[in-house]
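Could you have a look at this structure, given as C-alpha cells, before my questions?
Read from first to last, the chains carry the letters A, B, C and D; within each, the first residue is number 1.
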C-alpha cells in the first residue's frame, strides 16, 4: 500500500522530534520533508542525534512550493502561534491537509484569540473551517476535516477529565504540573538546568492562554494554575469540581469504555506511566467532606498533548485505524 | 554564656539530620545527645557522612534516664506519630521542654486525632497543654510553652497563605507539591529513585492526615491534594480562595511586615529560593474573571516545614532571638 | 505466521519490564507467560501500570511445568545470579531455549565465577554449552545456541568500545557511569530518591563482578570503576587505551559498518540519544599529548545492556531479522 | 572589630551567588559592592531571589573608581577568563587585593596560557606575582599574596587527590563528573533542562583547558575527561595512578591530618556529602590485580571548587582563621 506522505513544518523543536519518533513507527505514513528555517541544509540527525541510523534527510527551508513538491498530502505545523496560520492558508489552497499543533485555529472567535494571545488573528476566515483536534470529543468532525487544530497539552489533560461530568460541573478549579519540555526547546535562563532542577513553581496565573480553548470547549469559566516541575515529559492535572458524583469511577469507566487512549484507573495517575505514550490516565475521588469531586489526569505533554494527538487526528482524517503508530 | 543543651530524639531521619545541620550553626545551643534505636552505638557520621569533621558523637538508645543524664533542657522529638507521645510524657515529667515534630500534639481533640490517624491518642491528657508550634500565629503561647507541637510541613505552607485573609475566606481549595524527603527516610519501593524520577503524582486524597490540623487552625473544612514531585526538598502550595481581595499583595505585605521568615514577593514563589532556609515565600493574584484569590506559597519542608520551625520555636521558648541559627 | 511463544521468568523487575515493552512491539513473538514469585496471581498491570490497556495477564508462579504448558519455545530469565541457573537446567531439558540475562553463564570458568560471585557455580556442566550473548562478537554462535548468556550492561558498553582496537590495546582503564535502574528494582536505603538525586558516587571498586566477563572477552586485565548518577536509564563508559590509533573514527566506522546497532559518531555519545533504544553509540579521540586513545560509549542499560540485547539474541536464535522489535 | 570590605566583581553568576551566600555568614567580612554590567541598577535580589530579606543592595557597573570608593580592601573577580585580567591590573594598582576566580593568573607561562585558552595573555607581567590559590598546597604564599589565582574546580578535585602520592605517581588518568552549575549561568541550548536531565556525556576531550593548571601543579602530563551529569552542584574525580601504595588510606590520613577541609574517608565520596560545603572528601583503593591506585574525590564545584576556596584564601590573606564563614 502506498504510504501517505506528510511534511513536518517546524521540525526542529520537541513536538517536531516527537512527531518524527512516532511517524518512524507508523506503517502507513512516510515523512516527505522536514522543514526548519534555523537548520535548513543540516542533516536532521545533527539536531536530533537520537535518530542517527533511522533518518537520512536534511532540513529544508519551509517553502510552500517545496513542501508541495515533496508530495506531501498532509502537513504537521509545529510552529509558534501566529506563524502557523501563515503556512496553513497556502497549504490548504494546495489541497494539503493541515494538522496544526499551535494554538492558531483552536478558537472559534478571533476576538477571544486576540484577548488571550495579544495580537490580531492572522487568518480569521479559517476559524470556522477548523476542527478542534481532540478525537474523544470531535471524532466525526476530524474525520472530515482538512484543517485540524490539535488540542493543547494542558487543555487535553483538563477537558478529558471534566467531560464525563460536564453537565453537573460547577466551580471548576484546576492545578496542573508540567515537565520542562512543555516550554518547547526554548533557550532562556529560566529553563537552564540549574534553574529548573530542584525547583517547583507556579507561573502564568491567573490568565494562561490555554484557558481560552479550555473554556470554549467546556462552556465555563474556570480557574487554572500551571506549575513547572523538573521532569522532561508529562502533565498531571488535578481538577476540583462541584459535582455530586459520589461514585465517580464507574461513571468515567462507562463514559470512556470505547476510547482506546483513555485509561480510567483505580490508582491515581502518574506521569511515568504515560510517558512516551498517547494515553490519558484518569482517576477520580469524591470527597464526602466537601462534596467536591477531585479528578486527576496524566498525559505526556509531547504525545497525547501534542504529536501523538496530531497523529491520532491524522489517522482519523486519512481513514486509518486510530491507533496506528501509537501503540 | 552557657549553651542550652538539647537532645535530638530520633535523630537518624531527614528531620533529625536537618536539626543537626541547623544546631551546628546555633550560637547558643549544644546537642547533648543523638538518639536512634536503629543505629545506637554507631557514629552519627556513619549515617550522616556530610557531618564528618563537624560531629564527633555516637547515637545512643532513646532512654529517658540517659537523655536526662546528658543534661538536656529540651528535646526535639523527630519520631513517628504515636511514638512521640511515649517520650513526651516522661520527658515533661523530668522538666525537659519538648519540641515535638510529629503530629501527636497538634490537635486539641483526641477524637479528631483518632479519626485521622486511626488509632487512639496515646496521651490525650496532654493535648490541652500543647501549643501549636507555628510562631507566626502563636508566638506568645510558644514563649511560655513546655510542650510545643511543631506545625506540619503542608499545614505551614497552607495556613500562612490563608491567614491574612482568613476572615473573608470561603471555599478554600489547595493543591500542593512536595519533594520526596517529605516522606521521611522511608525505604519503600514507591520512593526508590527510578519510581520518583520523571514522575509526578497525586496521593492521599481526599483525606490526608494533615487536613486535621489545617482545618483546626483555620476553622474551615477545605479541599487538599498533595502531590509528589522529583525534588529533594520543598513544598509549593497553590491555594484558591473565594475572597474579594482585588489587590492582595499590599494586604499580605502589611500583615507580615514584622515577620522575619515570611517574604511576600511580587514574583511567584519557587522552592529553589527557600531551599535550606526557614523562609516561607508568598505571593498572590486576584483573578478578576473568577473572583477568586490565588495564593502561592513555598517552603522547605525540612526547614520551615520541620526542623527550622522547631528551632524557631526553641528560640522563642528559651528567650533567644527568634532567628538564631536560622539566618 | 505462527508467533514464537516466549516466557519471561522473573518478569517483575526493570529488565522484565523492558522485555515486556519490547516484545509488545515484536511482530513475531508472543509472551506465553509472565512469572513472578512475589506477585503471582496479580495482574501484570498492577505492578507495571504503564502496560494497562496493552497487557491482560496475571503473573504466575515460576514452575517449570507451567512454563512448558504455556507453550513457551524460549524463556528469558530475568533473575538474580545463582537463581537463574536453577531454571536454566530444567528448561533446557524440556527443549526450551534459554536467554539468561543474569551472570550465571557468561563465564567459561566456574573458578573465576566463584572468585567474583563468591559462591560455587550452580551448574558448571552448562558453562561450555553457553554462548556469550553479544551479537556483535558471537553472532554465528548465538544463531545455533540454546543457552545464551546475554552480556552484562557495563560489559556491553566496554567490550564494544575496545573490540575494534583490541589487538593494539594495552593498559585499559575504564570509568563508567550508570543510571539507577542498573541496580534493578532494589528497595534499599541507598537507592531511595533523596539519596540518589543530587548525588554522584563511585562504588564497587576495585573488583566489580562485571570485570570477570569483560576480562574473559578481552583477554586482558583491566581497571574499571562504575559510578552511580541520578538518571533512570543509561550508561556512559569512558575507556582509556594505550594504543597508537591516531585517527580512530575511520577505524571504528569501518569495523562496525555492518552493525545495525552500533553507531560511530563524530560527537561524543550522550545517554539521552540511546535511551529506550538498542543502540550503542561510540566515539573516540586520540590524545597526541599522552599517546592514549580515549573511547566513549553510551547505551541504555536496560535495552542494549539487558532486554534489547536479549531480544536481539532471540531474533538470531530463531532466524528472525536481527532488528525485529528493536527499531 | 571593623569588618573587611570586599567587592564582588561579576556577581551575577553562580560563583558570585555562592560568594554572596558564604560572605553573608562571615563574621569579619562585609560586601562593599556587587558589580554586574548586565544587571547594573537592579536589586541583587531580583537576580538572586533567594537572598530576599538578607541583601538590600543593587548591582553597580564594574567601574574601578566606584569599587575603590566603596571602600573595598579586596575584590573577588567572578568573571570570564580574559576579562578578569582587565580588572586585576587597576585594582592591584589601587592597593586592593585580588582574588581571581577565573583562569587568568593560574599559570606561570603566558605561552601555555595561549596554547590552552587560544588568545594572548592579557597581563603577562602579573603572572609571576600571582599565587595559585589552593591553600592545601600554597598556604604560606597565599598569606602574603595580593593576587591570588583561585584554583579551578576540576583542578582542585584532582590535585588534592594526587598530591599525597605525587612522588610515586606515574601515568595519571582522570575521569571527572560535574554538575551543570559548573558551566556557569550559561544560557545555551545544551544546558536547558530537557537536554541535561536524563543525560550523561563526556565533553572537552582530549585537551580541556583545566589540564594546563593541573599539569603545571603536578609537573606531569595527564589524561583527563570531564563529564556532564544532571546534578546542580558537585564534582567527583576518579583518578587512576600507577603507584605502589598498597594501603593508601593511612597515607592520605596522615598527609592531610591538619587540613580542616580535606576529609579522608573509608567510604567512597559522594557529592551529596560535600554539597554546599568547602570540604574535599577523598578515599582510595589499591587494586592488587592491576597494581594501580584508584583515588576518588568529591567537592562542591561552587564552594571548594570556586567561592569557598576564594573565601578560604581571603581568610589566609587577611589573617583570619582559615575556616571563618566556611563551617
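Descriptive notes on the structure:
Basically, a residue touches a chain if its C-beta (ideal position, glycine included) is under 8 Å from a C-beta of that chain, and two chains touch if they have at least 3 such contacts.
This structure is a prediction, so every number in the text was calculated from the model and none was measured.
Farthest from subunit A in terms of Cα centroid separation is D. Just to note, of B-D and A-B, the chains joined by more C-beta pairs in contact are A-B. Chain centres here are Cα averages; for subunit B and subunit C they lie 45 Å apart.
If you average the CA atoms of subunit A and of subunit B, the two centres end up 40 Å from each other. Between subunit B and subunit D, the centres computed from C-alpha atoms are 36 Å apart.
Looking at subunit D, residues 179, 195, 197-198, 230-232, 270, 272, 275 sit in touch with two or more other chains.
On the side of subunit B, the complex with subunit A involves touching residues 171, 173, 175, 177, 179, 195, 197-203, 205-207, 221-223, 225, 227, 229-234, 236, 238, 240, 268-272, 275, 285-290, 292, 294, 296, 298. Within the complex formed with subunit A, the residues of subunit D that make contact are 14, 179-181, 185-189, 191-198, 230-232.
Note for the complex: subunit A touches subunit C at residues 49-50, 52-54, 198, 260, 263, 265, 267, 270, 272-277, 279, 281, 327.
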